[in-house]
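Pasting the structures in now, so scroll down.
The two complexes that follow have chain A in common; it is paired with chain B in the first and with chain C in the second.
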Partner chain A sequence: MNNSMIKYGLIGIAGILAPIVFANFQVQLGFLWLMILFALTWDTQGGQMGYNSFGNILFFGLGMYVCAMVQVGLVYDVGVYTAAAGLDSGKLNGEQYLTGLALGMGAAAVVGVAVAALIGSGILGLRGHYFAIGTLGLGIAFGEIFAGWDYVGAGSGLAPPPFPDELDFLGGRNLFFYYIFFALAVIAFFTLKKIYASRFGLALNAIRDDEDKAEAMGLRTVRIKTISWCVSAFFLALAGGPLGMLVGFIDPRETAFAGVTFGIWMVLMAILGGKGTIWGPVIGAAIFHVTQEFFWSFLLGWQRVAMGVLIVVIVVFFPRGIMGWLRDTWPDRFGEKVDESVPQEGAAQ
Partner chain B sequence: MIDNFLLLFQAPTVAVQTLIDGILIGAILALAAYGMALVWGVMNIINIVQGELVILGGYITLTLANMTGIHPLWTVPIAAVVMYFIGYGIYKIVIHRVVDEDMFISILATFGISIILQQLMDQVFGADIQSADTGFDSWGYLDDAITLSQIHVISLVIVIVLATFLVLYLKRSKMGRAIRATAQDARAARIMGVDTDHVYATTYALNAAICGAAGSLVVMTWIIHPFLGLAYTVRSFLIVIVAGLGNMVGVIIAGLGLGAAEQYASFLIGIEFRVAFVFLLMVVILIWRNILLSKERRYLK
Partner chain C sequence: MSTPMLEITGVSKAFGGVIANEDISINVPEGSITGLIGPNGSGKTTLFNSVVGYHPIDAGTIKFEGQEISKLRVPEIARLGMLRTFQQTRIYGEMDCVKNMLISMPHRDESLMNIFTNFPPEATEKAESLLEFVGLFSKRYLLAGELSFGQQKLLEFAMALMNEPKILLLDEPTAGINPTLINGIIDRLKRANEQLGITLFVIEHNMRVIMNLAEHIYCLAHGQLLADGPPEELQDNQLVIDAYLGAH
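Here is the complex of A and B:
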């Protein structure tokens, strides 16, 4: 039993017990795992591949809508359901709810990956800031399209069916979705860890370091970039559906395609923790989420202004993140040898 | 959608009317875009906060007109001056720390400022859609089949005056020369004795002033809302990538074109998809230009 096994074991036990011990914070804890998932999947492009995407939220929102539409659509007509928003007709029984959720998440994953594959080769051809702004535009455009589409409730949003009472033996809505997010984050973590350790992970890093050289060495960069985006899209689309049901209301701009909240937070969390590492996004997401909850509790009304200030402060004063700082301070702990006889001018870069 | 498309041919006046409305709005978009091109060209920063500066200019006009009762048109220069100082402040607090950094850092930093401004405006001015009442009428032609709103025409004149002033300022004044020198080569300009930090501050403040004037016109001709800013940022960005940096004529043509395209699109696919159209158009143009370049094994830089 080595060190890392103990570490994972402790985190796993903490993750399983936390919502039972802190029963009042189940929703917040569920969001914590979602934030970790956000940061981890963003880092696959932003940190490992050097493609700073502002539009990964697109797959999350798409997943949320697809999942809710499938869940509702199996029982009702979606157009009628959204038109009658708020009426009591939208109840599902336990079996319908769970089948809808499972099929919906499956459909969401398929749609998310398909969209990533479809638009990937075009948009991933852009580089640097053009890619950043292009993806930002894409995410917001999808939000606006759903906000104008009457079938899914347009700008007034879509309320997924309430959690059926007969499923209360599962521990209630909050606990149920907490474990879904926990499971998704853990699966994403180990999947990405495995990917980064593989040949594919090396290819991602090669693209980040010098894409033209990577291509000259015979890597199929377009394919690699698209596959990596599909991996992120897969997890984000899966996570979208449960979040819509946990929140209980899908607003196209504020919940689903929330570019100026979740969309930018996932970038910030990865940067705060340290881009291009596996633990960085996890640590960054945890710290960011706790800070965010404090803002929410103590600065009510001004919490979003405070979030903006936090973003600027992190970007301006802490662009290398916590892992970057640790790495600079104790390079030998990261397996880097520092030759003291050579002047270390500019080693941080 | 198809009905509307056919209508454009059956009633040519509708097509002409849409074109005129679009071009008149496009002039204001071109003004904001020129400011973005200035900051981008001189400081190598893509100013995501551009749209929020526009909206803030609109709120300044609105507040002044409501408080003092003066005609909104007179507040255009005031909004520009106030925004000049706000821009100067933003530069001194944040932008000067990221001006030499990687472009991604400055995009994120200006994104952060844009969120701060959005939320502040939401807190201070409320989340309602607002516009200033100018009391102007419109001219009608062909039995009022085509109307020309007077305030739109006046705003076009103001845009032309401002653009002329800007071009002269950059060409003739000492500061304008310093700005152009810094844009060409900041290091060389520094060696030749140009205080580049001051040039950056002035450029950023000037851009904010341009945005303030543009916003002031937007609130008179259109509507403002605390969260509409990003659309103006993307419009400006779109115009700049089509026109290129430091190309005033190109910016104007692209701005008018975008205004007309938007107007036709919102006529054809519905006004609720107008913003979506702008964002998708930007993505499509970026990808299209990149594909063209990739045939020569190059990419957008």
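Here is the complex of A and C:
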């Protein structure tokens, strides 16, 4: 057993037990893993690749709608269902609910990745501020499309079917979705950790450090940038559906394409923890989320002001985030040191 | 020695009113070290940019191993085996030297499948042996951005070798380098040419360096080809002395 296995083991056990020990906080804890997923997948572009996206939320919102539409659509006509909203007609039995969720998440992932691939090769041709603003516009545009689409309830939103009573043996809605978010965040973490060490990961970093140089060295930059967006879109689209069902109501602008909340938070959390590192987004999301819950509980009425102050503090005092600060302070702890050892036999030419 | 690896014919390039290159024709034979000299602003870097596809040319043809490449894009030309280094030196500053080397592996046979695989141990070995070759082995875990300018130039050269190019276009490889280290660079360039078989096309401002290095030299002035020939011949060419040394 080495150090990192102990570390992962402890986090894993804490993750499994937390919602049982703190049963009153299952929803908040579920959101914690969602926030970690947000920050991790944002960092794939914003940190590792150096492309500040303000539109990643679009894959989350898209996934949320696709998943709900599939789950409802397997049993009802979606248009009729949304038109009759609130009439208590949308009950599903346990089997329908789970089948719909599984197929819905699968469909959401496919659609999310397809959309990322389709618009990615275009918008990822933009650089710097143009890219940031372009993605911001995309996120808003998608929100407006769904807010104007009657079939899915337009601006008044869509209420996914309630969690069936007969599934309560699974521990109830909150616990059930908690474990989904926990699993998604853990899978995303290890997937990203693995691919950051591959050719692909170094290619992302090369694009971040000097994209013209990367092209001059023959890297297929457009392909790499598009794949990176597809990876983020995959996890975000998967997470969208479960969140809609946990919250119980999908508002196009507040829940699904929530650019001003989730969309901005994913950026801040990654910056707070340290862009371009695997642990930075995790730490940043945890601190951000706990602080935010604290503000909501104790500073009611002032929580948005406090949030604003927190954001300013992050940007001013931790421009490189917590991990960046640690690295700047103890570079040799991160392996950045002169190695006076002699090269191995045969290494010298 | 006589097959032209790179054949530039009648290439012109203007930026607005500034004619940076006018009707330039140059042959770089396979296996050679060919030099390109000329005063500042004479259009040397512009010619390199045209050759590697950085911008479209106004007239002329550029052939690499017989294939017309003047319509291809930068990464495509790089993958064919023609690489350039930059006058201002460009490395990946936030990555350590080993990672700079690893991501410089050839990308010719890269597919969607192997892009997510890890680097084979041979790649790391090769990266380390090339870093040793340029004298950066002990600094291999430092961030490239923290190296001195001269060390960054050496790293950039090693990265280019890692990519296994057929021809390497070097834009002032000794500019800004401590004079005591220049002989080491000349020696390494020659070894890359002789031992690794890489054809070199070198822009150089330092006369002593290029006379030592190249077997054939082209001289540009005001965007035009002034003269070309072996170093001894060019050294005595009055046109070159006036344009190049006079302007100095």
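Criterion: the second predicted complex is superposed on the first by the 336 of 349 C-alpha atoms of A that agree within 3 Å, B and C clash if a C-alpha of one lies under 4 Å from a C-alpha of the other, contacts with A are read in each partner's own complex, and residues count from 1 in each chain.
FYI, contacts are C-beta pairs under 8 Å (C-beta built on N, C-alpha and C of every residue); 3 or more make two chains touch, one makes a residue touch a chain.
Just so you know, these numbers come straight off a predicted model, no measurement behind them.
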Looking at A:Leu98 after the superposition, I want to know if it touches chain B, chain C, both of them or none. Which is it: first, second, both, neither? neither
Is A:Ile227 touching anything from chain B or chain C once the two structures are fitted on A? First, second, both or neither. second
After superposition on the shared chain, which partner residues are touched by A:Ala197: those of chain B (first), chain C (second), both, or neither? second
Where does A:Ala117 make contact in the superposed view: on chain B (first), on chain C (second), on both, or on neither? neither
Given the touch rule stated above, what does A:Leu74 touch, chain B (first), chain C (second), both, or neither? neither
Please work out whether A:Leu219 is in contact with chain B alone, chain C alone, both, or neither, and reply first, second, both or neither. second
Would you check which partner chain A:Asn205 touches, where first means chain B only, second means chain C only, and both and neither mean what they say? second
Residues of chain C touching chain A in the complex: 52, 73-75, 78-79, 83-84, 86, 90-96, 99, 102-108, 110, 112, 114-119, 125, 128-129, 132-133, 137-143, 146, 159, 163, 191, 195
In the complex formed with chain A, which residues of chain B make contact? 46, 94, 97-98, 101, 103-105, 107-109, 111-120, 122-123, 230, 234, 237, 241, 270, 272-273, 275-276, 279-280, 282-283, 286-287, 290-291, 294, 299-301
What does chain A use to touch chain B in their complex? 52, 54, 122-123, 125-130, 132-134, 137-138, 140-141, 144-145, 147-148, 154-155, 260, 264, 267-268, 271, 301-302, 304-305, 307-309, 311-312, 315-316, 319
Mind pulling up the chain A residues that touch chain C in the complex? 194-195, 197-200, 202-203, 205-206, 208-210, 212-221, 224, 227, 276, 335-341, 343-344, 346-349
